[in-house]
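As C-alpha cells, here come the structures.
Each of the next two complexes has subunit A plus one more chain, namely subunit B in the first and subunit C in the second.
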Partner chain A sequence: MKQKVLLLVLFAVLLIFPKVVNPYLLSVGTLILYLAYTGQAWNVMMGFAGQLSLGHSLYVGVGAYAAAAIFVHYGIGPWAGVWLAIAVCVAIGAAIGFLAFRFGISGVYFALLTIAFAEFTRIGFDHLNWTGGSGGLFLKVAQRDQIDLANFRGPPEMYYYSILILVFAALVLCNYLLKSKAGYYWQAIRENEEAAQALGINTFRWKMLAVVISSAMTAVSGVFFAFYYNNLFPEQIFHISRSIEIILAPIIGGVGTLFGPILGAVVLTVLSDSITELLAYFGWEIPGIKQVFYGIVLLLVIMFLPHGIWPPLARKLGLAK
Partner chain B sequence: MPLDLVVNVTIAGVLTGMVYGLMALGLSVIFGVVRVVNFAHGEMMTIAMYAAVSLFAAFQLDPFLAAIPVAAGFFVLGYLLQAGLINPFITRPEHSQFMLMVAVAIIMVNGMLIAFGPDARNVQIAYQLESWEIGKILLDKPRVYAALMAAATSAALFLFFKLSLTGKAIRACADNHLGALVVGLNVKHLYALTFGLGAACVAVAGCMMILFLDVTPSLGPSYTLLAFIIVIVGGLGSLTGALLGGVLIGLSEALAGLFIQPSAKSMFCYGLLILVLLFRPQGLLGKKS
Partner chain C sequence: MLKVDAISKSFRGLKAVSSASFEVPQGAIVALIGPNGAGKTTCFNMIAGVFAPDSGRIIFQENEIQDKRPDQVCVAGIGRTFQIVKPFAGLSVLDNVMVGALLREKSASSARALALGVLKKLKLEEKKDYPASALTLPDRKRLEVARALATRPKLLLLDEVMAGLRPTETDLMVEVFRDLNRTDGLTILLIEHVMRAVMALAQKVVVLHHGEIIASGAPAEVVRHPAVLECYLGEETEV
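Right, the complex of A and B next:
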C-alpha cells in the first residue's frame, strides 16, 4: 500500500516536472529517465538472470542506427523503425547468447565476450559507408515548436514524456517478469546455476529469454537516443564508456531491484551536476577534477553499500517486503 | 609488395609484441592468482608512461633505467591497492569488482589529466632513430632493447614463481585458495604481493611503450582492452600464454596495418578474441578448468 502511494506521488511529480522547470533541467530530467530505462533493460539480464553484460552499448547503437538509417535513407519513421531496431537487436542478442551459452561461457568470460562484440561492431560501423562511417549519421534537426508524432519530431517535452512512458512501461514489465515463472527461474539461475539445472530448469532457454528481452528493451532506448540527439557516431555510441554509463545506474541503485536503476540514475546525474556546480562555485574549474570526485564517490558507494542504495533505503522507509 | 618491407614489418611487430606480452603478463598474473580482472590495467600503464616522461624531463633518465625505480614504485602502489581496496572485494560478485576497478580507472585517467593536461607527451632519447642494418633488414635499436628488457623481466618473473618459496606460496594460493588458508599461508599478503608484481610488470612495459607511442591521459581504456585480448588469446592465468598472445597480437596488428586498412586492424584482434572465446575459452595455452 505504502509502496503504491509513494509510486503515485513520484509519477505525479514526474508528470508536472516539465511545466515547472527551465529547459536545462528538463534535459537533465530526460537524461535521467533515459539512463533509468536503459539501466532497467540491462538489469533484466544481469540483475534478474545473473548474466553480466559489459557491452550493452551494442544494442543501443545498433537500435539507434537501424531506425535512424531507414529514416535518413528512405524516410521511414521511427514507429516502423523501432520494430526493425528490435528485430535486429534481438537477432544479435540471440546469436551472442546462443554462442556463449552453448559453449558454456559464463562469468568474466561472458562479460569479455560482450565487450568484444560491442567493440567489433564499433569498428565495423566506422567502416560502413551506408551509415556515414566514422563521420557520423545525422538526422534532420526537428522543428522544436510543433509536434510531429508520426516522425517523432517535436519539442523537448515530447521526448521527456515519451521516455517517461517507457520508464513506466519498463517498470510494469519488470514487475510482472519478476513475479512470473521466468522471474523465479532467472533468480534461481542467478544464485546457483548448477543447482537450478539440477532442479530441472532448462537454464539455456531461460538465459536466452533474458538476453532477448533485455536486447529488445535496449533497442528501443537506442531509437529514442537517435531521435532525441539527432546525431550518431560509432566512436561515441558503441564505446565501452557508454556501456559503463548504462550499468552504473542499476549497480549504484541496486542490482536486481525494480527501483534501483531509477534511483541510481537520479543519484548519479544529480551527483555529477552538483559536483560541476560546486566546483564552479569554488572556482576549481580544472579539466578532469569533476571526474576525480565522481570516481571517489563511486568508489565509496561501491565499498560501503555493496548492494546499492535502494535495498538499505527501502528498509529504512519500511518498503521492503 | 616488396618482401623486405614485409619482413621488416614482421620483425617490428614481433618486437612490439614482446612489450605487449609483458603488459598482458601483469594482467594475467593478477587474474590467475587473485581472480580479479584488473579493468584499470591500461590506465596503470599510462601512469608508468607519464612517470618515464617525467623522469626523463627532470633528470634526462633513459627510460630503460627509469624502468627500475618506476617498477619499484608500482610494486608498492600495487601492494597498497590490493591490500587496501581490492582484498575486501575478493568475495564480492564480479560486477561489484568491475565497478570498483572502473572507479579506480576513472580516478587514474582524470588524475593524469589534471597533472599533465590533455596534450600528447613523449621521450626523445639519443638513439631513438638508430638501427642496425643486416642486408635489407633494419632493426630499430629502441625496439630491440625494449624486447630484450621485456624478455628479461618476464624471465625474472618466471624464475621467481618457479624457484622462490614466496613464488611457490603464491602459486599454491592460485591453485587452491581454501587449501592455502588451511596450511596457514597469509593469503591476503600474498595477493597484495601478486598485485604488486603485476603492477611492476606493467610499469616496465609502460617505460618501454613510451619509446614507440605518445602518451595521453585517455590512452588507458584501449590498452586495457588490448591486454584482455592478449591474455584471453594466450589463456587467462597462463604466463607463457600471455607472452605468446602478445607476440601474436603485435604481429597481427603490424601485418593487418600493412595489408588491410590500418584503422581496421583492431577489428581483426576482436574477431580473433571472439573466436578464441567461443572455441577455446581457456586460451591457446591455458589449462581447462
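Right, the complex of A and C next:
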C-alpha cells in the first residue's frame, strides 16, 4: 500500500517535471530516465539471472544503428525500426548466449565474451560504409517544436515523456517477471546453478530467456538514443565506457532490485551534474574529474552499501517485504 | 522402480565405481553405505545426471536415464539433496522451496501453498521468511530436503542429510522420512553414515567399498556380514 502511494507521488512529480523546469534540467531528467531504463534492461540479465554482461553497449548501439539506418536510407520511421532493432539485437544476444551457455562459459569469462562481442562490433561499424563508418550516422534535425509522432521527431518534452513511459513499462514488466516462474528460476540460477538444475530447471533455456529479454529491452533504448541524440558514432556508442555507464546505475542503486536502477540513475546523474556545475562555478577546469568522482562514489557505495543504496533505503522506508 | 545395472565411472584413471548393480523397489527405503571414498556420492551423481556413467545403465520406471541431464532426471521424478548443502543463500527459505515447487505447479500461488505444506512437514515454517543464509546447518539440511520434496519426486535421493545432526534431530528426520514413505508412498535411496538412522529407516542396505558392492540385504544381516566388518573394522586374524 505504502509502496503504491509512494509510486504514485513519484510518477506525479515526474509527469509535471517538464512543465516546471528549464531545458537544461529537462535534458538531465531525460538522461536519468534513459539510464534508468537501460539499467533496468541490464538488470534482467545480471540482477535477476546472474549473468554478467559488460558489453551491453552492443545492444544499445546495434539497436540505434538499425533503426537510424533504415530511417536515414529509406525513410522508414522508428515504429517499424524498433522491431528491426529488437530482432537484430535478440539474434545477437541469442547467439552470444548460445555460445556461452552451450559451452559452459560463465562468470568473468562470460563477461569477457560480452566485451569481445561489443568491441568487434564497434570495429566492424567503424568500417561499415552503409552506416557512415567511423564518420558517424546523422539523423536530420527537423523542426523541434512540432510533434511528429510517426517519425518520433519533436521537442525535448516528447522524448522525456516517451522515455518516462519506457521506464514505467520496464518497471511493470520486471515486477511481473520477478513474481513469475521466470523470476524464481532466474534467481535460483543466480544463487546456485547446480542446485537450480537439480530442481528440474533447464538452466540453459532460462538463461537464454534472460539474455533475449534483456537484449530486446536494450534495443529499444538504442532506438531512443538514436532519435534523441540524432548522431551515432561507433567509437562512442559501442565503447566499453558506455557499457560501464549502463551498469553503474543498477550497481549503485542495487543489483537485482526493481528500484535500484532508477535510484542509481538519479543519484549518479544528479551528483555528477552538480559536481560539473560546481566546478564550473568555481572555475576549475580539471580533465577527467567526473571519472574520478564516479570512482570515488563507486568505492564508497561498495564499501558501505555492498548491496546498493536501495535495499537499506527500502528498509528505512518500511518498503522491504 | 530404480534399477542400477553395472555402472562404472573412472576419474582420470581412478576407478570410483566399478560395475555396481542394485535395485530400489517401489515404496522401499534403501540405504547406500560404505567407508569414505567408497563411491557413494559418485553413484548418486550418476543417478541424478550430474555425469553419465562410463558404462552400464540406469533404469527408472522402465526408462533409461543414464544420459539425461540433472533437470531432466528431476522432471522424470527423482529429487535429490546435496551432501554439501547448496541453498539459494540470497532468497528466503520459502522462496527456496518455491523454486522446487514451481516444477509441477503452474502458478506462484499454488507453488507457495505447496511450499508452505512442505515447510510445515519439515518444521521449518516458522523460519520461512529468514534468508537461507541465516539458517543453521541442521536447518539447511532440512531446507535441502524441503526443496527436493517440493518437486514432488517419486524417488528421493538423500545424500548424508543426517550428518551433523544431534541424535534427537536425527530421530525427528527419521520420523519425517518414515511418514513420507508410509503416507505418500515415497521411495527413498539414502547415503548415510549415521547408523542410527540407517538401522531405523532402511529396509535394505547396499554396501559399497572401493567402488564395488560387497554386500546387500536386510540391515541386521548386512552389519554382521564378514566382508562388511572387514572393510569397517579390518580383517580378523588369528593370533
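Note that in this section the second predicted complex is superposed on the first by the 317 of 321 C-alpha atoms of A that agree within 3 Å, B and C clash if a C-alpha of one lies under 4 Å from a C-alpha of the other, contacts with A are read in each partner's own complex, and residues count from 1 in each chain.
In this section, a residue touches a chain if its C-beta (ideal position, glycine included) is under 8 Å from a C-beta of that chain, and two chains touch if they have at least 3 such contacts.
Note that the structure is a prediction, hence the values are computed from the model and not measured.
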Quick check for you: in the superposed arrangement, does A:123 touch first (subunit B), second (subunit C), both or neither? first
Classify the contacts of A:202 with the two partner chains as first (subunit B alone), second (subunit C alone), both, or neither.
second
- Task: Considering only touches as defined above, state whether A:192 meets subunit B (first), subunit C (second), both or neither.
- Result: second
Next item on the list: Scan A:112 for contacts with subunit B and subunit C and give back first, second, both or neither.
Entry: first
Discussion item. Let me test your reading of the model: by the given contact rule, A:184 touches which partner, first (subunit B), second (subunit C), both or neither?
Written reply: second
The chain contacting more residues of subunit A, comparing subunit B with subunit C, is B
A:233 in the overlay: touching subunit B, subunit C, both, or neither? Say first, second, both or neither.
neither
Exercise for the section: In the overlay, answer first, second, both or neither for which of subunit B and subunit C A:224 touches. Expected result: neither
After superposition on chain A, the subunit A residues reached by both subunit B and subunit C are none
Given the complex, residues on subunit A that touch subunit B span 46, 52, 54, 99-100, 103-105, 107-109, 111-113, 115-117, 119-120, 123-124, 126-127, 134, 240-241, 244, 247-248, 251, 255, 286-292, 294-296, 298-299, 302-303, 306
The subunit B residues in contact with subunit A across the complex are 37, 85, 88, 92, 94-96, 98-100, 102-104, 106-107, 109-114, 117-118, 217, 221, 225, 228-229, 232, 236, 261, 263-264, 266-267, 270-271, 273-274, 277-279, 281
Seen from subunit C, its contact residues with subunit A in the complex are 48, 50, 69-71, 74-75, 80, 82, 86-91, 95, 98-100, 102-103, 108, 111, 147-148, 150-151
Interface with subunit C, subunit A side, in the complex: residues 179-181, 184-185, 187-188, 190-192, 194-203
